[in-house]
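Across the two complexes that follow, chain A remains constant while its partner is chain B and subsequently chain C.
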Partner chain A sequence: MPFSLIAKNLFKHPLRALLTAASLAVALFLLCVLRSLVVALDVGVRNAAANRLIVQSSTSLFVYLPEAYEAKLASIEGVQNVCKWNWFGGYYQDPKNFFAQFATDPEALLAMYPEIEIVSGSREEFLKERQACLLGEGTAEKYGFKVGDNFPLIGALFQRTDGEPWSFKVAAIYRSKKSSVDNNTLFFNYEYLHKTIDAGQAGGPQGVGIFVLELAPGADRVQVASAVDALFEGGPQRTQTATEAEFNAQFVSMIGNVPLFVTSIGGGVMIAILLATLNTMLMAAREQTRDVGVLKALGFSDGSVFGLLLSQSLLLCIAGGGAGIALAVLSGPGMAIKLGTMFPGYEVTKGTIMQAAILTIAIGFFAGITPALRARGMSVISALRSNA
Partner chain B sequence: MALVPISYNLRSLFVRRSATLLTVLGIGATVAVVSGVLALEQGFSTLFTDSGRDDVAIFLRQGATNEGDSSFTRERAEILMKTLPEIASDSAGQRLVSAECYLAVRRNKVSGAGETNVPVRGVQPPTFLVYGDDIRIGAGRNFTPGTDEVIVGRKLVDRVEHCELGDTITFNTTPFRVVGIFDNAGPFASEIWGDRDRLSEALERPVFNRIVARLVPGTEIGFTPTWASTDGKEHLDGLSARLDKDVQVPCRVMTERQYLTGQTQALSTVLKILGSFLALVMGVAAVFTATNTMLAALAARTSEIGILTSLGFRPLAIFSSFMLEALLLGLCGGIVGCLFALPLNGVRTGTMNFQTFTEVAFAFRLTPHVLIRAVGFSLVLGLLGGAWPALRAAAMSPTRAMRRE
Partner chain C sequence: MSEILIRLQAVTKTYTRGGEALRVLDDLDLEMESGTFFALMGPSGSGKTTLLNMLGGLDRPDSGAIVIAGEDITGFDNAELAQWRAANVGFVFQGFNLIPVLTARENVELPLLLAPLSRKQRREKAEYALELVGLSDRMKHRPAQLSGGQEQRVAIARAIVTDPTLILADEPTGDLDRSSAAAVLKLLGTLNSELGKTILMVTHDPHAAECAQTIVHLDKGQLGSIERRVPGAV
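Take a look at the complex of A and B:
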């Protein structure tokens, strides 16, 4: 069966072919985006580091641990390094300008997170200066902050008694080499926060949000985790020590039914597009009934007539679906920036592309098979007699 | 002007029934997905907005948008509760005001499906006077003030571990006993309540989170939140303006309904954006399908259109006839879509309230409002899908049409 015949039949109604291909493109684009959102949800789980443990309160996300825990944690066997993380919860000028900020120990942070790569500015200044901060590339770009700039953050959780915003200086800008750390976070010195509160110049929760532990090479993480939790069993605050993956997974689990919800939407989209393609192929097949009779009368086999109709469907779907997938891939980096704070790991992965491609071919197959089977089984006489 | 009879369209849809069916189902799937998202948004916001009372006032720290962020020291709370003249009293002379403490605690879900954050609220006896009939003990009894007992909201019972009557819940190192299950139409049904001072000690929360009160009838709170004001800014008037500038205890005050509606804004916005995005993208695909179907109908009936025009039907009549047919397709699709989505009605689900990181259980609600919007959407799809084929039909010349050119 010559390819030109397939193409000619397909584009006999250019508008119809175009509309169907465009619907397919739109649907496949949407499916890729939805799939990427689900993938983005647990990117933090998949890319978590195996040698880091998180110590948090077993009571609540919002309960702080005593600072005195730091020294006790450092003395546990198998713990190589301890780093404090405190959620700061500030915003730049307007609550809408939100990005994550953490008060932390600069030296331990840089030692424990090799994926944080400083791309400009000075590491020394970040370690040394009190108001210095290390800013993610994404946030720096978004607000146009450069190394050496000073900028204010309004503390919603930690309010200064004088009512003024907190002041920060960009000491360095980082890029993350792995998605276990995103590109939008601000890190600053825990001492800045702590000393300001101690001096009575600011109010807010006392203590440490979480401690991150780095395991010594060869240390058993289950053993260390149970040692930590056993140490604080009697209070004052019980702890729950988890691997980085488990810690990230708890946030995914809190979001609840979102993956199921998104999958149902995807199912609806698929049904709609399958019906649309089937509709087009049935119309095309009906118009080609007489051609089928002619082909058969000329001696073309049932199989080649079957192939003629099925390949039209497949070709149409590959063209449309391919365009949709390409659109999703091309728009990926742009979408990732737009969704930065909510879905930091948005990426159209190879797996997503593969799934979408398989789906495209499946739609083409199912939409083409019915008319193709009908054409194959049709007798020459009845095909020629048809009046479409 | 003579119109083409509607029976002509009905017959035409019936003759081409496989194409009609596929189009209707395609539009139906689109409408079903969009109304599912709308029903989710509706269920979530109804739970919050409809259960909020206009006669209960909520006091928060300045700058706080939710009770998790808000805090009052004991002294400040006492001053406000004792001195504010607008606070109402009941017939026994009891002031209808109470300071609550609040914390989202980590709990395991029953299904073994991981953890969730459950709000724990420490309350005092006057709290029950403030909320009145909204809180009803459905099983067991209320907790005894001053003891380590709690009551649990109905929606938690089969979702979260240790929430059955008689169970023990441990907060940090202190065990509490579940002595009652309470019912509430709003988000309280997903919370655990107990004695404020016992909970605040067990959880080491020395400060209170918010103050709730019934106000003297006729008090004007005068708070206009950003989402309800025309210029997108917050406006203060009456009591709220006075308390904003108060020297001793500056604070924010709003009605419970305003507070709860404010809590849903983030998730509602996300769902509305998602709904619109899906409606747009899937709508485009559905319009293309409808156009294809109508173009095929047009091609099959070219000679008939020639006959109609030569009989004296005006192009406008032909145009309306085709539009009507497309609208019928859309309408059927809309109805089918609503039927697809209908089983969702009442299905319970849970999601995280992004503002407080807590889980809220609620049900999908396919209200008449949602259904009307869904059908309206399907009509728009039909209208857009039919426009181009209808224009082409109307522009045909009788002779050429009859010759099927």
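Take a look at the complex of A and C:
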């Protein structure tokens, strides 16, 4: 069956075809975005380091651990390095300008996270200066911060008693080599936070949010995790130690079963678009009933007319769905910047593109199969007598 | 005497309508010679169109045999019938039945898609067929841009483009005005007289039937009479 007949039949009603193709484009774009969000949530789990353990309070992530635990953790056999992480939760000028900030141990951080690559500025300055920070290049680009710039952050969780914002200096800018660390975070010296609070110049929770442990080569992570939890069995705060992957998975689950929710929305969208496309194809097939009779009378086989109808559906879906997928891919980098804070690691992956392409073809197939089968089984005479 | 192209032997066809069996063709025997222009006449319900459909392989008899050019087509399955139609039959319908989204040339090219021809060969043959029916200047027009007479001439070009053994025309002038009808009948006559095509035309119109060399009358599914004559000018 010539492509021209397939295309001409399909675009016999250009507005209808265009609207259906546009619906498919929107649906597939949305599906790619939703799928990419799920992938972004999962990226921390998939790319977690195998040699890092996270120690948190067994009560909740929001219950802080005593600072004194650090030395005890460092003494456990199999632990090579310990790093404190405290969520700061500030914002730049306006609550809308939010990005992740952590008070941490600069030296331990850079030792334990080789994926953090300093692309400009001074590592030494970050280690040495109390107000220095290491800033992800995504956030630096977004707000136009350069190495040496000073900028304020208004503390939400840790508020200064004088009502002034916290002051930071960009000592270095980093780029992450792995998606286990995003490109938007600000790291600063834990001492800056701790000393300010101790001096009574700021308020906020005392202690440490989590400890990250780096395992010594050959250390058994299960044994080390058990040893940590056993050590603090008697308090004052009991701990829960997990691998980085387990911790990230638990963190994602705290905001609910987002993958299920997002997949449900995507599934609903796909069913709706399948029904809409099926409706279009049924209308198109009904209008072509007599043409089917003519083609069969001229000697075209039942298989040919089946192919004609099915090809129209596939062509419509590939045109519309392909446009949606292309739009999702092209807008990917822009979306990654926009969603960087909430969904670091947002990317329209090859897997997402493949899934969307398979879905597009599946919609085309299922929307076209009913009219195609009807056309295939229709007798020449009844098709020619049709008044459609 | 021309050789027999079509032979019907005890052909019977019954339809069931509203729970009632209706015998449309009743033990019909008929022979038709090659290169002859036949008109098939009879009152409504006499079985004319059913017979035409049988001869074109669009429908099957309940019993009996239909032998065309030495082949018994009653034993063919759907795929075989489709192949046989493509090679042997050209159809001209009352309602023209052109594909509305295709141009005149594309419509005429359609049956050639089933033949092992290059795109260029298809195009040349379609253009030649359109030339034969006098529509060289309407090749790129779509059916909606043509008059009824022109549409029917495109349909005739489509019917002859594969050089079929048999042309079957079902009320080809039924939807046309007088002058267009005359032009179509003249064209069919020319195809028969100059190209030697065997034509079987179903018609209600005695005036149209006058173009034929043989008029076959059907009545209640049975052969009424066969009238052999010298075709007249339309």
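Just so we're on the same page, the second predicted complex is superposed on the first by the 387 of 388 C-alpha atoms of A that agree within 3 Å, B and C clash if a C-alpha of one lies under 4 Å from a C-alpha of the other, contacts with A are read in each partner's own complex, and residues count from 1 in each chain.
Note that contacts are C-beta pairs under 8 Å (C-beta built on N, C-alpha and C of every residue); 3 or more make two chains touch, one makes a residue touch a chain.
Quick caveat, the model's predicted, so the values are computed rather than measured.
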Looking at A:Val222, would you say it contacts chain B, chain C, both, or neither? Reply first, second, both or neither. neither
Chain A residues touched by each partner, larger count belonging to chain B or chain C: B
Pick one for A:Val294: touches chain B only (first), chain C only (second), both, or neither. second
Touching A:Asp302 in the superposition: chain B (first), chain C (second), both, neither? second
For A:Gly268, select first, second, both or neither according to whether it touches chain B, chain C, the two together, or no partner. first
I'd like to know which partner A:Ala111 touches here: chain B for first, chain C for second, both or neither. neither
Shared contact residues on chain A for chain B and chain C? none
Residue ranges of chain C touching chain A (in the complex, touch as defined): 53, 56, 58-59, 78-79, 82-87, 91, 93, 97-102, 106, 110-111, 113-114, 158
With touch defined as at the start, can you tell me which chain B residues reach chain A in the complex? 18-19, 22-23, 25-27, 29-30, 32-33, 36-37, 40, 63, 65, 68-69, 103-106, 109, 113-117, 171-173, 203-204, 278, 281-282, 284-286, 288-289, 291-293, 295-296, 349-352, 357, 359
Write out the stretch or stretches of chain A touching chain C in their complex. 1-2, 4-5, 8-9, 12, 290-291, 293-302, 379-381, 384
So in the complex, which bits of chain A are touching chain B? 13, 15-16, 19-20, 22-24, 26-27, 29-30, 57-63, 95, 156-157, 159, 234-238, 240, 249-250, 253-258, 261, 264-265, 268-269, 271-273, 275-276, 278-280, 282-283
